[in-house]
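Note that the chains take the letters A, B, C, D, E and F in the order they are written out, and that residue 1 is the start of every chain.
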Amino acid sequence: MPRPIEYASAPPEVRVVFEDIMRTRGVPDVNNFWKYLANDPKTLRRTWESLKEVMAPGALDPLVKEMIYIAVSITNGCEYCIASHIAAARKRGMTDEMFAELVAVVGMANETNRLVQAWGVPVDEQFRR
Amino acid sequence: MPRPIEYASAPPEVRVVFEDIMRTRGVPDVNNFWKYLANDPKTLRRTWESLKEVMAPGALDPLVKEMIYIAVSITNGCEYCIASHIAAARKRGMTDEMFAELVAVVGMANETNRLVQAWGVPVDEQFRR
Amino acid sequence: MPRPIEYASAPPEVRVVFEDIMRTRGVPDVNNFWKYLANDPKTLRRTWESLKEVMAPGALDPLVKEMIYIAVSITNGCEYCIASHIAAARKRGMTDEMFAELVAVVGMANETNRLVQAWGVPVDEQFRR
Amino acid sequence: MPRPIEYASAPPEVRVVFEDIMRTRGVPDVNNFWKYLANDPKTLRRTWESLKEVMAPGALDPLVKEMIYIAVSITNGCEYCIASHIAAARKRGMTDEMFAELVAVVGMANETNRLVQAWGVPVDEQFRR
Amino acid sequence: MPRPIEYASAPPEVRVVFEDIMRTRGVPDVNNFWKYLANDPKTLRRTWESLKEVMAPGALDPLVKEMIYIAVSITNGCEYCIASHIAAARKRGMTDEMFAELVAVVGMANETNRLVQAWGVPVDEQFRR
Amino acid sequence: MPRPIEYASAPPEVRVVFEDIMRTRGVPDVNNFWKYLANDPKTLRRTWESLKEVMAPGALDPLVKEMIYIAVSITNGCEYCIASHIAAARKRGMTDEMFAELVAVVGMANETNRLVQAWGVPVDEQFRR
């Protein structure tokens, strides 16, 4: 059932979103994520509006946001998400050295997260929120 | 069984690590993570050596590394890890605005990771590695 | 090592389970899940007996149960499980619109789960169990 | 840092969202999730708008949506999310029997997801998407 | 809603399971897991029958099985499951040294799992199944 | 970007690690994991040193450690990790029967982990740490 929807055959409400993605990103076509999501035009629109808002420059650098996205995607084991956000981060200036360090941190964090849970470490007084 | 090991009653190989943590971080005591890990001195030493190497300044800013750590910890739902790395990131300059944006990105990434898996999106040719 | 076990070459205790699956579901052959599980006849039998009991009509509609199965499988990122339970749900009447809404809910739930953990939200008094 | 924001002391853009939540749900106060999220007014607004859209009646019954939400939250181990969505589902008519069956399905799905991954089951031809 | 069901006030189909648990394990009372599961007598019975079969001595030593249980529970971050299976493993002879090594392996496995996913490592020809 | 680094074209600091892996394991070449990790020589070295220490014989049998590794990898759904550690465990004597039982335990553990979280089971007094 889920087939990619190409711009040429997309209904108007999908085209509007595709056009905004292409314009905002300066690309000639949208990537597969959006073409599959177009099977559900409401979620397509909502997800794009949210992503545009969340990934916009703000208190955090857009490249930092892309690296956070990669960190989550690695932890969830989502192959597509890792690949597409690596591409996005590279466009924004992520070098091989930066990627290698990012991966090393993600690996360590996943290890120490489990050590904490295994040893049942209680939150220190000074870290309490 | 797992009880925190305090410096005063720690064996020499644990004291050496505790002292290096306190000196490196400029703190008067280590936090609970290390006190519990001290039940396994080999893992204590190895984890501290790895963490020191991975979190050191390099191609990525130390604050960026702390935020990646938080992103992983949120995705894994590790309460202690979230709390302790928020504290570490604050020390390095994370503001309320930066934290709020970080969380927003982590939330969106977890949502879109699932959308990708649900719709079975194949990796675009240009993202292939 | 794990190879699919076909009916023709299956030992008697596997055939008995395969026959019950085919009869219960009205299908001419079992799908790969069962053929691989047949490498462990005890788990094959136990899993089929459990699944038959759990997925039977009861307080919940069988289609609702299939959609819950899909929700878990998306969250775990299990490709086979997503694909096979989408097929099962379609047989029981899941439309494209229903699938799209299901996915949207799963996506949002994964997002808000992380927001809750990131902000350290305590359980409200009225939700306590 | 993250403290709950009460209506009385909330800035106007938070109050507007709180009022819409209270009106839409017919409740005298919002629950902790929204009070904590109010630390990030943009995410508060975006999440509420999204949730209202996603959880609205459509092709799926609102109760079914709440149960899908619970299924995801159990799989992610998010205590707050499980508790708050059980409360929401009960309001919409979930009985003890329905909850028990929902949990049984979620448990089985998590078991069989791992069996699939352990045995390396390939997707059947007829399930391919 | 979910309250623990004590033996004294349990219906007959729950008592039968409780008695089998107490007899099999040689304990004067069942632990909380079973008391809560008793809210759903069918799942109580099915889970106990399955657990008894799966955890019985076979090709693997019962202590090894308990340690595998702990490894999964740490990875899922399930506090109750970690605590109760540590207790069960201790009864079967797990020493402090064994627990420490188990945790170290679980930590490393969670780290390298992410490194694999981050670097997109393809399965070697000789590992293919 | 991430391409496997072969021994012939590897820089000296990578060759040193590759040689130690081949010598320690008695194999003529390293597997893909190490070839990809070689893109980040520091993490390559650190991971190999850690793995060698953690997987060495100690209080736990090396085969038990490999099975714990498999259990974590199944729970995380890491295909490469499952395949490579099954191969390692087979070398150390894991039979088909042992693998089948291991998988059955991992499946059950994932099921009961979710039942615990769904029913909100509190830790029994005697399991408290």
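The rule is short, and it goes like this: a contact is a pair of C-beta atoms (placed from the backbone, for glycine too) under 8 Å apart; a residue touches a chain by one contact, two chains touch by 3 or more.
Since the model is a prediction, treat every value here as computed from it, not as a measurement.
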item	value
Joint neighbours of chain D and chain A, given as chain labels	B, C, E, F
Chain at maximum distance from chain C, centres defined as averaged CA atoms	B
Distance from chain E to chain C - Cα centre to Cα centre, in angstrom	21
Inter-centroid spacing, chain F versus chain C (mean Cα positions, whole Å)	27
CA centroid of chain B to CA centroid of chain C, Å	34
Overlap residues in chain A, where contacts from two or more other chains coincide	1-2, 39, 42-43, 47, 50, 54, 75-79, 83, 86, 100, 103-104, 106-108, 110-113, 115, 117, 119-120, 129
Touch-based graph of the chains, sorted into line, ring, star, complete or other	complete
Complex interface listing, chain B residues touching chain E	1, 39-40, 42-43, 47, 76-78, 129
Chain A residues within the chain E interface of the complex	70, 74-75, 77, 79, 82-83, 103, 106-108, 110-115, 117-120
In the complex with chain F, residue positions of chain B that touch it	1-2, 42, 46, 50, 53-54, 129
Residues of chain D defined as touching chain C within the complex	2, 31-33, 36-37, 39, 43, 47, 50-51, 54-55, 58-60, 64-65, 67-69, 71-73, 75-76, 78-81, 83-84, 86-87, 95, 97-98, 100-102, 104-106, 108-113, 115-117, 119-124, 126-129
Chain B - residues contacting chain D, complex	77, 86, 90, 96, 99-100, 103-104, 107, 120
